[in-house]
């Protein structure tokens, strides 16, 4: 198939998929199409969505692709859906999440070490909201459970993967200035 | 608002709407915009979708507007949806899966012993979804089949091996805060 | 012990400065935009001791790399003291940090060993500074994450389609899996407790139970009675009790069709004559009746 033929099919697949769909899943459906052709089609599609500047955008998120509304029009969309933004995470939960995101896999005692306060209730909240997952036991005394971030974390924070997290060293000099 | 400003907002509303959304509903969200302006924006949007000839179309359906995939690509869409295993797990299936995960290899009579209810249909669901696999016969009277979790189970729960399953201590660690 | 004593002394030393603490708190309150209408003075809340320290360092406009430890320790202790005055539960971590600060302060006062090589003379504050910097970085990251989440929450995916019912994602995490497992086990434990209670049951009680059931109803389904049994032992007891009652000509067992349910009925009632299959046990039951009776069941049987 030509890229022009691939594009509408890929767009359909991205649209119907409830979760972000990745190149591999797309390739499995479009048997015989090369990974390069699929990637090229996707990047053309993304460029088209950007140029058009309509209400929708095609974004890479949690390792896959998804069509979403642009944040600029959220006010109207919320009004229509009568949706409330979901409850904000507490500062404790956010900070705990940040430590987990950058230091994963990490145990509760290690988080305590960094944050200087116990984080168990924050961990509970984050588990309930499926932002973090258990990642197995650390092979040390007591075999504490290690935690890491989930796919849901990437989705809720609009990250394509963990490498997109802002560089931690950028926050180093906030104090000395 | 100009038509150019209206278009992306209307597109967003059509995109997020569960049911086809009509002009009246759109006008209610975009307070103060005239019916003519809204209609003009919609017909421009429809024309754009047609010209683009992408994977999606904006159609008038059941007295409202909806974005959907074009029928031309239904074969691929169907193939993709079919490749997705069906339905969420019922509580019975989840319980049975939990018992198998923690007590594997385990036979159906043993699961009955633990759950107190028969699990045959749950077992069938779990086998269909390839979350569990048969693990040979137990060398006892009746030689019942033993079951264990599969590789697919590890993938779906994001585990690298079974030792990563949380245990009672991990649970108590969390609850003891 | 040394640290504790030192800490008490430091607290006493600073207790005269209550006014300045309250001033600090009031100031902090204004900074946090709290309404002035609160009757009680409100303390700014800090996530933990590191947060409080960062706040004090910023407020005092001192360098994080060269913390005037005596001054900051004093401020810190004032704050902790004020928390107590206002009946705010002081988390253990705040007290641990207080001890750490006092310890560092005491180390700073110790004269340095002049013979020690330059590089070994580590600043007692070094570890704390490192901790504060790390904490600061994660606070910054948390802030950026928060902003990202706010933007992301403003974007929406398409409405759910008919086809979404085929969502492959299992709506459960490993922790939920564990919780479910624990619930099942708890349920099981409750059942076991009942079983243990029932295991105390003697055959005499089983016989009484059958008789009682027949007082209420003229016919009782044997299957139902067996299904209610929670253990093998109880089933055996029930079975023996039935045999005993048949032998004593108290009941008869009836079966209206092959492999059908067996009903227990009192003997001597006229209706019995009509549908009775026979005074003997059906074939299947007879076989299982040959199951070896263990020694501890026999005395119970002969008691009657």
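Order of writing sets the labels: A, B and C. Residues in every chain begin at 1.
Note that in this section contacts are C-beta pairs under 8 Å (C-beta built on N, C-alpha and C of every residue); 3 or more make two chains touch, one makes a residue touch a chain.
On a predicted model such as this, the values are computed, not experimentally measured, just so you know.
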Comparison of A-C and B-C (more C-beta pairs in contact): A-C
Remotest chain, subunit B as reference, centres from CA atoms: C
Between subunit B and subunit A, distance of the C-alpha-averaged centres to the nearest whole Å: 17
Averaged-CA centre spacing for the pair subunit C and subunit A, given as whole angstrom: 30
Residues of subunit A whose C-beta touches two or more other chains: 15-16, 67, 69-70, 77, 81, 118, 127, 133-134, 150
Per-residue multi-chain contacts in subunit C, two or more chains: 156-158, 160, 163, 167-169, 173-175
Sites on subunit A touched by subunit B in the complex: 7-13, 15-17, 21, 25, 28-30, 48, 52-56, 67, 69-70, 72-73, 76-77, 79-81, 108, 118, 120-121, 123-124, 127, 133-137, 142-145, 150
Subunit B contact footprint on subunit C (complex, rising order): 156-160, 163, 165-185, 187-188, 191
In the complex, subunit B residues that touch subunit C: 12, 15-18, 67, 81, 84-89, 91, 94-95, 97-99, 101-102, 114-116, 156-159, 164-168, 170-171
Of subunit C, residues touching subunit A in the complex: 47-50, 54, 57-58, 63-65, 91, 93, 97, 131-142, 144-146, 148-158, 160-161, 163-164, 167-169, 173-175
